[in-house]
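Just so it is clear, A, B, C, D, E, F and G label the chains in written order, and each chain counts residues from 1 on its own.
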Amino acid sequence: METSRPLDSLNQSRGKRVLIELKNGKQFVGILQAFDIHINVVLDEVEELENGELKRKLGTAFIRGDTIIIISPQ
Amino acid sequence: METSRPLDSLNQSRGKRVLIELKNGKQFVGILQAFDIHINVVLDEVEELENGELKRKLGTAFIRGDTIIIISPQ
Amino acid sequence: METSRPLDSLNQSRGKRVLIELKNGKQFVGILQAFDIHINVVLDEVEELENGELKRKLGTAFIRGDTIIIISPQ
Amino acid sequence: METSRPLDSLNQSRGKRVLIELKNGKQFVGILQAFDIHINVVLDEVEELENGELKRKLGTAFIRGDTIIIISPQ
Amino acid sequence: METSRPLDSLNQSRGKRVLIELKNGKQFVGILQAFDIHINVVLDEVEELENGELKRKLGTAFIRGDTIIIISPQ
Amino acid sequence: METSRPLDSLNQSRGKRVLIELKNGKQFVGILQAFDIHINVVLDEVEELENGELKRKLGTAFIRGDTIIIISPQ
Amino acid sequence: METSRPLDSLNQSRGKRVLIELKNGKQFVGILQAFDIHINVVLDEVEELENGELKRKLGTAFIRGDTIIIISPQ
């Protein structure tokens, strides 16, 4: 039942560009550097998007897992 | 009392198309690839719906379990 | 003190029709197939109600426990 | 320090009529049949009240503990 | 570091009148009979206040800890 | 990695005046008497502030940790 | 799978200036002195920002982890 696990799938996105959407509606795109079982995430080359437009650049960002809704490889 | 468990039922939808509704009202349809005991889910061929209409396609998506209300096989 | 436990009571509704109300105000009626200690629930023959009227039919549905307020046998 | 514990006090209401108020403002009155350490509760002869008036009768109801604010014997 | 602990301080209010404020803004005054590590509380001679005025009397009340903001001896 | 821990830092404020801000926007100033790993806190000589003005005095107050955003020595 | 962990990444910001954004929209900039596995954080030389402008200075601040969305080195 556990041969295919969500964190294994997430691991395949390590080093790749992902889109992350938060509970407050914010969207970030960046390179997935690290994550843990709480889905705490570290992104590099982070861009915050608003309506698909670049809002600001953040360099590296630690995002607390309990604020995340969805992580999708770009 | 545990002969029929919710996660066993969910396991029968693995590899099949499911509808997922989130606490923020968003709806996603996709192929259920993986889930864990937190109900973290990985979907493939993901489509986000709005009022039953396709809003966007996402490829693969990791959805954090604590944002999910309902998962229903299509 | 634990001779009568809530999950034992819920177990008596297994295979029977129940009404489930969620924190977001949604109401579902269906046959209670499975539940676990988190009150994750699987219903069959699911109907979503709105103001007592049928809104849609869902077949089977996995409902995440932390969204549930009340489960009442019909 | 634990000679008088909240769950012991709650246990004295078993089999008696209690008022339960939820985080969403709903009020239920019924016979307390069972509860557990999560304060999941089962009531019998349940009546939902609105502004002190009977809104509907529910028979038996399982109420998830994390939705409950207060339980008071009537 | 743990010589003075919050629950020890709370224990000194046992049998005394306390004011409890909840996340939903409600205020209760009563005699603190019991509490546990979740800060579940049992009050006796409970009065609910609104803008400092008595709104209703409740006798005994079990208050779930995760709804409580502050407990202050009167 | 753990040579400097947040609770050690908090411990240095024991017996001193701190400002505490809650998730609901309330502000309290008082002497930090006790705290635990949940960040449950006991303050003495408590003053509730509103827009920097004294709103009321509370004597001693137990504040549940999960309502706290920030604690800052004054 | 765990060779690169989010807390290791966060540890590289110790002693450096970081931007922290909270669930309630508040922004703080300060020197990261300490954090733990709950992402409880202690900042020094804290400045609260509003629309990029300095709102107030706080000296040292303990920020409870469950209020934090993002931590980004400046």
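The rule we apply is simple: a contact is a pair of C-beta atoms (placed from the backbone, for glycine too) under 8 Å apart; a residue touches a chain by one contact, two chains touch by 3 or more.
Note that this is a predicted model, so its numbers are computed, not measured.
A.B. asks: Could you tell me which chains are in contact with subunit C and with subunit G alike?
C.D. replies: none
A.B. asks: Moving only to chains each one touches, count the minimum steps from subunit D until you reach subunit G.
C.D. replies: 3
A.B. asks: Taking the mean of the CA coordinates per chain, how far is subunit B from subunit D in Å?
C.D. replies: Roughly 33 Å, centre to centre.
A.B. asks: Calculate how many whole Å lie between the centre of subunit C and the centre of subunit F, each centre taken as the average of the chain's C-alpha atoms.
C.D. replies: Between these chains, centre-to-centre, one finds 41 Å.
A.B. asks: For subunit B, jot down the residues that touch at least 2 other chains.
C.D. replies: 7-8, 66
A.B. asks: Can you tell me which positions in subunit F touch subunit G when the two form their complex?
C.D. replies: Checking each residue of subunit F against subunit G gives 1-2, 4-10, 19, 23, 39, 65-66, 68-73.
A.B. asks: Can you tell me which positions in subunit F touch subunit E when the two form their complex?
C.D. replies: 7-8, 11, 14, 22, 24, 26, 33-36, 40-42, 46, 58-64, 66-67
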